[in-house]
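Accompanying notes for the structure given below.
Chain naming follows the written order as A, B, C and D, and within any one chain the residues start at number 1.
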Amino acid sequence: MLWIDPYFPYEELSSTASENRFLRVFVDQPTELILTYTATVDVLHQELMMNQADFLSVKQLEGDVLTYLFPSRYCQSDKLSRLAQKLFGEIGSSYEKVVAITNWIYDNVEYISGSTDSQTSAFDTVTERSGVCRDFAHLGIALCRALTIPARYFTGYAYQLQPPDFHACFEAYIGGVWIIFDATKLAHLNGLVKIASAKDAADAAVASIFGSVKSNSAIVSCEALEPFIPFTYDPNHKMGVAY
Amino acid sequence: MLWIDPYFPYEELSSTASENRFLRVFVDQPTELILTYTATVDVLHQELMMNQADFLSVKQLEGDVLTYLFPSRYCQSDKLSRLAQKLFGEIGSSYEKVVAITNWIYDNVEYISGSTDSQTSAFDTVTERSGVCRDFAHLGIALCRALTIPARYFTGYAYQLQPPDFHACFEAYIGGVWIIFDATKLAHLNGLVKIASAKDAADAAVASIFGSVKSNSAIVSCEALEPFIPFTYDPNHKMGVAY
Amino acid sequence: MLWIDPYFPYEELSSTASENRFLRVFVDQPTELILTYTATVDVLHQELMMNQADFLSVKQLEGDVLTYLFPSRYCQSDKLSRLAQKLFGEIGSSYEKVVAITNWIYDNVEYISGSTDSQTSAFDTVTERSGVCRDFAHLGIALCRALTIPARYFTGYAYQLQPPDFHACFEAYIGGVWIIFDATKLAHLNGLVKIASAKDAADAAVASIFGSVKSNSAIVSCEALEPFIPFTYDPNHKMGVAY
Amino acid sequence: MLWIDPYFPYEELSSTASENRFLRVFVDQPTELILTYTATVDVLHQELMMNQADFLSVKQLEGDVLTYLFPSRYCQSDKLSRLAQKLFGEIGSSYEKVVAITNWIYDNVEYISGSTDSQTSAFDTVTERSGVCRDFAHLGIALCRALTIPARYFTGYAYQLQPPDFHACFEAYIGGVWIIFDATKLAHLNGLVKIASAKDAADAAVASIFGSVKSNSAIVSCEALEPFIPFTYDPNHKMGVAY
């Protein structure tokens, strides 16, 4: 449910280019606006066995997936190919490669609130080694694409995230399925509710603001209606989570 | 018609995210490959009167068009907003804004073959002031988006381009139609045959090559089967060309 | 006079490479440190007539000045040469060129506190068009060097600067003298007290901090002991200020 | 000995800021110029034992050395501090740190002629992982400075370099002495003849060209007048070479 206070008319938009829907609110006079959105959501996810033979070469990828191989505003995979090849090129399967990318980012990039801004990209983060969830996701995506693994940005709500906030992670296309990864290791992979997925944050903003707007604050909260058992990664049973 | 010499199987792919089609050739052994493609094409374009009231504000844009407002790999419009506003913000209509952008690029950026490479982006070109058609297009796109005018990359064949080659220019979304612009002023706007359009060259490569490939040469030629009268821009009759 | 509270030993250092002196304080235990420095300074400056024939070509520059022609960390003059040539290449004398650079920066870059950080360089500012005194100075320096005019960073105190703070501006080498310019137009050119000059802020930091230090606040104040008549730039009488 | 053919007058310049001398040739008419320089040089170097206690903290560095701690045009050490700390922070002595930096660059960056240009900096190379001797040196310098080890660019002739050319490597200030390192491992450390040393290539160009000049070719050759025994690095006997 959506409350717009004070009320302004809105409309829903969709695009053939993605599954994302846009909600457009047109505010034609200066005001202090409060947007409230609540929803009860069924989280449907699968836990899938990731086997050795999961690598889809470029010759097997569907037309809709190819775009996720190419560099984008915040994921300059074209600049990271030697580095990605050196760090992860020898690792066996796609799934193991992306797990290794996730671990490498977690081990090498420090999560520091406020250390980056809306212009920070994977090319910065790979060297400067600090950032927030968005930066961790962009770097993960860029490294996957540099290894010819399609990858996309995923933004959503994360159950039990501390402190509660929007979250960003990424999906890699493995064995014909989009498998989710979180290089910050802050969220339960089976406790995510998708807001949008896209090539990177440029196309998957939680809000795109045009005109002169000053943000005050955002309050995000998320609770489970049923008992929740966090998905735990077990290196012996290679399982991936897909939505 | 397509010849692949020596022959390897190929397939056609399309994507719901764009009108672009992909032709995928899988070469599984070392070879010297010659790809030849010829086509007879009906070029259907419209010459449209661009009037003062052509500006579509963000609240009027269709869902499919919104993505062309956002920054991309080579078009960092988020970094160019103050500059774009300063240079073009006062100009009246969208059409006149984009004509002014095109003229400004033409006047301020030198066309120098070989001065840039596949990593050069609008953020570089706006300062370094040299480049090729691809760079001119990326800068045009970035400046349009910075002014909230949707813009996309257009790559194609250009009749009477000297020397004959693939060409790149850009389209801006004005009054509900994609209008074509060429900041290099090298091509006739009504003599273009589209190969692809997309957010920028990252998504609209003439060829995306995976694996170890050495390019020898590309020969492009284009001839008219009927008499051709170049479209001439006339500042008194504001006409735009759309495909 | 210098107070270090609590007291730690310090030493003075100089370098043959510049006139700058360093004061090195070695703090070997965690503490809350207060540094207070006061001085009564004779400000000796000259107001010099800048004539048409003030351009020193590279063949006339002294060995010590050559280094100020080359790019540095925050002043990538090598990337700005076409732009500088296009904007200012036709202007007559060196002095008029630098006045035009100063005016162009003032007209095109917005002074916005907090819009940039310690990594922001002239290459960013020339496009992003916002910054603080340091960024204005770096862009001025880079544009001068791109025109083969030696230029260096000047940091100091500025009498009547509002709000009181350290200030940064730049010096250009014209007719054999370092003439001061302030693209922010916030300081009186004859009311400056130099702290340091160098190739750019990387070499002329007010303080270089090694180890884990958290800054609380800096209080800067500056008062005149004698009546002060601000230097006013008069386009009819081309005068430059040198220290 | 210097031949200038056809003859133009030249002068020698020096600077108090460095030991480098400049030779300035003023060519005031279009010509095809041949510069030939030959010299017989005594190469005086020391092989020094590098012990554990070689680390000079910032509090011990001389004033002239401090400038080599700061970032410069091609060595953005300020952006590399987390990465440097992560990779090399735990290693014992300064000498071992710089040996590890040298080995890491050698192992992770590919030497590819023509892969970079005069604008390429350490910030690019640390991610793109390809370059030439100049890029290897800049990255070495940036990593040293990020660890508070003063470092500077060294350009010179290298005996038995294949193919013969100018060479670039870097010096780190260890135990009060400038010790030479070559991350390309292409040159014998005791077979170098210094042309210049400086903060980076911006200040130590083999030639700085002003005006419109087209370079044809450079021929470099170097031969030994006495028997030459290459210095071989032996991890058991930690020896450094200083000039």
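Here are a few things to note about the model shown:
The working rule: a contact is a pair of C-beta atoms (placed from the backbone, for glycine too) under 8 Å apart; a residue touches a chain by one contact, two chains touch by 3 or more.
Remember, predicted model here, so these are calculated numbers, not experimental data.
For the touching copies chain C and chain D, the fraction of interface residue numbers used by both exceeds half; the interface is of the same-residue type.
In the Cα superposition of chain A onto chain B, the rotation angle, rounded to steps of 5, is 180 degrees.
Once the centre of each chain is set as its mean CA position, chain C and chain D turn out to be 29 Å apart.
Taking the mean of the C-alpha atoms as each chain's centre, chain B and chain C sit 43 Å apart.
Within chain B, residues 79 each touch two or more of the remaining chains. Across the assembly, chains come into contact as A-B, A-D, B-C, C-D. Contacts from chain B toward chain A in the complex involve residues 13-18, 22, 24, 26, 58-59, 62-64, 66-67, 69-73, 76, 78-79, 118-119, 148, 202-203, 205, 208, 210. The touching residues of chain A, counted against chain D in their complex, run 79-80, 82-83, 86, 108, 110, 123, 126-130.
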